[in-house]
Amino acid sequence: MAFFLETLFGGLMVGTLYALVAIGFVLIFKASGVFNFAQGAMVLFSALVMARFAEWIPQWLGMEPGLVGNLLAIVVTLVGMVLVAWAIERLALRHLVNQEPIILLMATLGIAYLLDGFGPMVFGSEVYSINVGMPKDPVFLMESTFEGGVMISLEDLMAAGIAAVMVAALSIFFQKTKTGRALRAVADDHQAAQSIGIPLSRIWVIVWSVAGAVALVVGVIWGSKLGVQYSLSLVALKALPVVILGGLTSLPGAIIGGLIIGVGEKLSEVYIGPMVGGGIETWFAYGLALCFLLVRPQGLFGDKIIDRV
Amino acid sequence: QAQEQFMPLLVYRTGQFAPMGIPWADGKQDYLKLVNAKGGVNGVKITFEECETAYDTGKGVECYERMKNRPNGTASFDTQSTGITFAVSDKAPGDKATIVTTGYGLSQSADGRVFEWNFPLLGNYWTAADSMIQDILKKEKGSLKGKKIALVYHDSPFGKEPMPLLEKRAAKEGFELLKLPVTAPGVEQKSTWLQIRQQRPDYVLLWSAGVMTPTSIREAQATAYPRDKIYGIWWAGSETDVQDIGAGAKGYNTVTIQNTAEFDKVHDEIKTMLYDKGQGTARDVKGTRSIAYTRGVMIAMLQVESIRTAQEKFGKGKTMTPEQVRWGLENLNLTQERLNELGFGKILRPIQTSCENHMGTDWSRIAQWDGAKFNVVSDWYQADKSMVDPLVKEYGERYAKEKNIQIRDCK
Amino acid sequence: MSEKKIGDVILDIQNISLRFGGVKALTDISFNVREHEIRSIIGPNGAGKSSMLNCINGVYTPSEGSITFRGQTFAHMNSRQVAEMGVARTFQNLALFKGMSVIDNIMTGRNLKMKCNLLQQAFHLGPARREELAHREFVENIIDFLEIQAYRKTPVGQLPYGLQKRVDLGRALAMEPQVLLLDEPMAGMNVEEKQDMCRFILDVNDEFGTTIVLIEHDMGVVMDISDRVVVLDYGKKIGDGAPDDVRNNEDVIRAYLGTTD
Amino acid sequence: MFYRENGQFKTSYAADQQIFTIAQDRYAILGLLAIAFLVIPLVASDYTFQAILIPFVIMSLGALGLNILVGYCGQISLGTAAFMAVGAYAAFNFQARFENMPLLIALIGGGLCAMAVGVVFGLPSLRIRGLYLAVATLAAQFFIDWITTRAAWVTNNSSSGSVSAKALEILGWQIDTPMEKYLLCLAILCVLALGAKNLVRSSVGREWMAMRDMDVAASVIGIRPVYAKLSAFAVSSFIVGIAGALWGFVHLGSWEPAAFGLNQSLQLLFMIIIGGLGSIVGSIFGAAFFVLLPLFLNQVPHWMGLPISTATATYLEHMIFGALIVFFLIVEPHGLAKLWATARQKLRVWPFPH
Amino acid sequence: MSTATPASTTQPLVEVNGIEVIYNHVILVLKGVSLKVPEHGIVALLGGNGAGKTTTLRAISNLLKGERGEVTKGSVMLEGKEIQNLSPADLVKRGVVQVMEGRHCFAHLTIEENLLTGSYTRTDKAEIARNLEKVYNYFPRLKTRRTSQAAYTSGGEQQMCAIGRALMSNPRMVLLDEPSMGLAPQIVEEVFNIVQDLNHKEKVTFMLAEQNTNMALKYADYGYIMESGRIVMDGPAKELASNEDVKEFYLGVGGSERKSFKDVKSYKRRKRWLA
């Protein structure tokens, strides 16, 4: 029982981490109809910039690395991500107005290549660490009820909290504000949005900047878990079943999807895995998402796919 | 006109394994520079060229094709990748290309009768696994009856290599072997470590690479699994794998090929003859103080020595053909004196290869992370020949049958 | 003009209702279409005209009622079945295959009639080649008929709106339908073009005896060429009969025609 | 001036239905084929064959297969490499388990198995569309990855988990030099490309495109979505499977599961988009772009004599590559094939601008 | 009705000077189109399918780029200043808004949200509410469907939504591309009344590309007729309406009486006059 609970909690925690990455995808998709394959690259890039500046800034200023250094590095990175967003809009998106989703998807893959080359070239390709003081050791709950207690990772718990806050904030932004509405309009029809005076350029810079900020949060959390290095860009892959399960256009969907995938994945690996030789969680996550999609092709909370004649 | 010998350098300085690939590549290049700085191999300068594979088999094959037939004798390939090794092993005999796979590749390729062109010098995954078990046996005072050992492995042929040996050992020592695969790249291992928490194995053998290693150690920390009960394979035992976990990884053990956690005279030479003159490959001399770097240096040394050996037979001061280099590798004989002379006295034990035995030697030691650096903590272990040799023979012969390879007669 | 021979009821719509959530798109609609006639459906925007056509060819499933086609009664039609029974259709919001050329678009209309299998087509064997040629010839006739020869190979996405409508019609004609459902075929055309279009429709109706169900907002056209007219309003039928009867129907004038005309 | 169709009147629909309606095109293609089959084998070096031409030809084939699915039928797939893997492993198994299985039969068998698997993974496409489907096809990718590493029977209980092909031979023709291997691949490419071209310009092809462009309308004119989509999955996977088998048998010779990873899938998708969705030649252009460009970029630092490190060079290569992709998408979202068509159109009216 | 012609001395609001438009780098569509839209005027742009009306409007509102088209020659001026380099959004800020052909509603947004997005450039809440009320007054049908997603409304409802959405930005000038398409007759009438109403009361300038020549000429002050990418005729609406050629080709009243559609015998096109 304790083990089941641990697995469940573990799954939930991992799920929120996935959700956090998924939010990045959803954000950009919802606001511009672009499926941003460069999200992983952005995570890596932001983590890299952050890690390096967190190391450099104290050196330059001649102070101890710590909270202030980290905060300054985060600010610098945020500025960096805005610049990236601006450059992406300027050099790519602007010229791809009104193109099909798959073309845009490919363009983001191109951007991913660019970032993957640019980041390590400028900031180095060794392993760097981010230390923002996330607790690394577990705590044990209910030790009286179960032998050995139920273990919870504080780090994951914190990450989960951050994810929840971000989703709440972003959801409100999308549903309630004028800009939110405009963003959804852009996703539906670039040209019509332009024709009624929505400044695509500005909107895109905003959205990509926000996505960059989300990427930074993800980068810091995962980076402090995994170390900052190329593989960090692969965590984005883990979020893909989450986005389709939750629905490409739904922020709460990202959270629920994340939780379902997280839990499903862990339970399946722990309980079914041993029967078939293990290592099933990756495809199991996709299989799970697929099953849901067969019932709801637009994901759990996604906008209905419209076909009308 | 001075003769030259070409050494192809397949490396990965980018991609997911870059953190270990960079010092490895630096080590290889630095040693060749050092040899040249000392006048080459009997006056033959080593020319070299790096080709980036990013650990991608396709790219690796392209590099191999590009470099295999250089006019001034392509020496031998250290492909740095199991996948590339698989892909080129079949081509090698036809191309007359020699493949050196120190500590990786196919374990059974130690059988020189079947694998004429492959040289898994110094050890393979079976010898590594065997050394780990020996160390554990020592800690457990000689008996593993009723113990549980988990193998947490990268879900790929690489990760599965040690299984035959471990199964054999488990049968012999009476411990239970638990196999837990981790899907590549290994950024998410919660379920694996939950299972470990549930099963409570006494030891964990970690057959990992790249990001999987730090993730495993972090998960071990997060599930409060004692790090000093974890043994990593040598590819999981670089400073880059643990240094940013720091104290959290304290106690983590890794098996080293021979004794690559040691620093020796060769490091000093590299410092004085290259880095002090600004000719080093790594960013600075600190980059030479790592296990992966030393391993690169060591591999390059073996490749160079094989050229030297070949020259002894086919003519000093001449460019060797690939076949001649292969002969050199097959007749390598580095005594302790020779190793001391080369500056590898502490790092390596004497090595002698032969037609049947392409591995040469199979010693290794265990190093432990103390929170800041790796320290060698065990004595030398030699793999148990009664365990490893039959496996090499069995798998080698099976391979020969699968691929229709004529087994050489070494008599 | 020779007197048209209007035949038996070919399509009988009985008590069709259609709901989307709270919206009642159609409420208890019944009417019939006789062979060889031109039957118009008119009504204000959102009255449910397009939805009616969608029910007939299986895009929507009516929540109540049934449709009888040539004596067979269906509660729900399946698109493929409908097509096989010889019902073709054009769309209000162009539903052309945008990336395909004009010829290919129209050729898709012949697909039901093409029988060669995948392998034959892959190797372009004799039968496949002959079949393709025969149908191509048929399609070329339609292209001539619609006067779009010059655009044969243009991707339809690049054509101006009006021509796209013509291609849409061409695709439907290529099916050699017995019943042709036209959803605002003349929207976005000027008078001259409308005249041409009427001519096409009348010719198809005359020469091939195709039954036509027409939705159109241009009263001039509707009143001139249709044999009978159904009027819908807010999903309900408010009139049915010959053009002149409908024109003078009080309800219809109030709901749709307005005081002008 | 030289590229004119003036005076070439087509007097029958048969003439208009030829693959290449303009005489110059026909000659150009014949010329190209002659060069590919006769001239190149005489002049190219082994390295060119092994490192450039063979991968290029095989990738063209893979891209061609994928283009049928994505470009013609509009079903985006990120799992192509999985189908390549099925092709490769199936062909391997046919050869390993049956004595004296002829190479061609094994290859076709590989294609057929890939086709079967493709159809199974195509089933969700009946319900799921667009990007959702794209991501869902990753299920195929990861599942096949898993099976190939996990199930011993897939590798015929190979001791190492890696498998390798037997010597290549067709009816006594020993295919062992790179040149012969190239010719084999090229011949297969030509046959399949011709077949694909025939398909896409006949009724099945139109069904696929109709599904892609507007599926509701397609079903209204009597096209069955099930048949259209699954046949596209089948044909596409068949070709992709054969490409996979060739990749394993001819290019790699021996391989492990990682040889058919997600990266490969993305690369193929790149190829067809840069080359041109819904264009047979586009697939080939795209493959050329993707095989040649890195080799080319690789050489640039050498030529310029810049002393940059391998890593920097690789990162630069990455960046240029990414930038070029974006650049090409901007210049012509419909790919090199479209660019080529536009160029021809300009050539036709040359020297007038329009 | 005013008979102000573009030739009058006051500066025209929009002036198009000999523009050429090319799609996809090769398809030449407009071959030197010049026209003027006077402030507070209603100008109609007429012509058959494919004449280039939509293209002209897109050129003015800078929406060509998304269709891979570009203006290669000539210029477009707004109040004497070139506007080719402005983004469509800038133009809307300056009061020029286009209703695109073929509706283009935001499929996933509700009708009301669609309308509200139209007021993106407005900041005054009260004004937005007023505008919304106004649009609902013009098109009561929209009010009943305000909470349905635009994609699920009927063709005509979408058309109303598109027009209403443009009006939400309080424009100075509206480019209407086939506003009457798919609308029921009394709504068509209503749309034109709205145009006239806004023109009179709020001095909004209109430019309509219309196929419903009859209506267009009835409400417009000035008309241009296009064929194959060129302007072939222009003049005050009244004059055009009484021109014999126009009558025959565009109004379908060839010379004498209006013919029944049923009696049109030949659909072979007569040769057009081409400049």
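For clarity, chains are labelled A, B, C, D and E in written order, and residue numbers in each chain start from 1.
Keep this in mind: a contact is a pair of C-beta atoms (placed from the backbone, for glycine too) under 8 Å apart; a residue touches a chain by one contact, two chains touch by 3 or more.
Everything quoted here is computed from the prediction, not taken from an experiment.
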| item | value |
| --- | --- |
| Required steps from chain B to chain D (each step between touching chains, minimum) | 1 |
| Chain at maximum distance from chain E, centres defined as averaged CA atoms | B |
| Between chain C and chain E, centroid-to-centroid distance (C-alpha), Å | 28 |
| Geometric centre distance via CA averages, chain E-chain D, whole Å | 46 |
| Geometric centre distance via CA averages, chain D-chain C, whole Å | 41 |
| Distance between the centres, which are taken as Cα means, of chain E and chain B, whole angstrom | 74 |
| Sequence positions of chain D contacting 2 or more other chains | 142, 146, 149-150, 216-217, 220, 311, 314-315, 318 |
| Sites on chain E at which at least two other chains make contact | 24, 152 |
| Interface hub residues of chain B, defined as touching at least two other chains | 13-14, 18, 22, 155, 181, 183 |
| Footprint of chain B on chain D - complex, ascending | 46-47, 50-51, 55, 96, 142, 146, 149-150, 156, 158-162, 164, 166, 176, 251-259, 263-264, 294-295, 309-311, 313-315, 318 |
| Touching residues (chain side chain A, partner chain E) in the complex | 97-98, 178, 181-182, 184-185, 187-201, 249, 303-304, 306, 308 |
| Residues of chain A touching chain D in the complex | 35, 91-92, 95-96, 99-103, 105-107, 109-118, 120-121, 125, 237, 240-241, 243-244, 248, 276-277, 279-280, 282-283, 286-287, 289-290, 293-294, 297-299, 305, 307-309 |
| Complex interface listing, chain E residues touching chain D | 22, 24-26, 28 |
| Complex contacts: residues of chain B adjacent to chain D | 11, 13-14, 18, 22, 25, 50-52, 54, 56-59, 61-62, 65-66, 69, 82-83, 86-87, 89-91, 94, 106, 108, 155-157, 160-161, 181, 183-184, 395, 398-399, 402-404 |
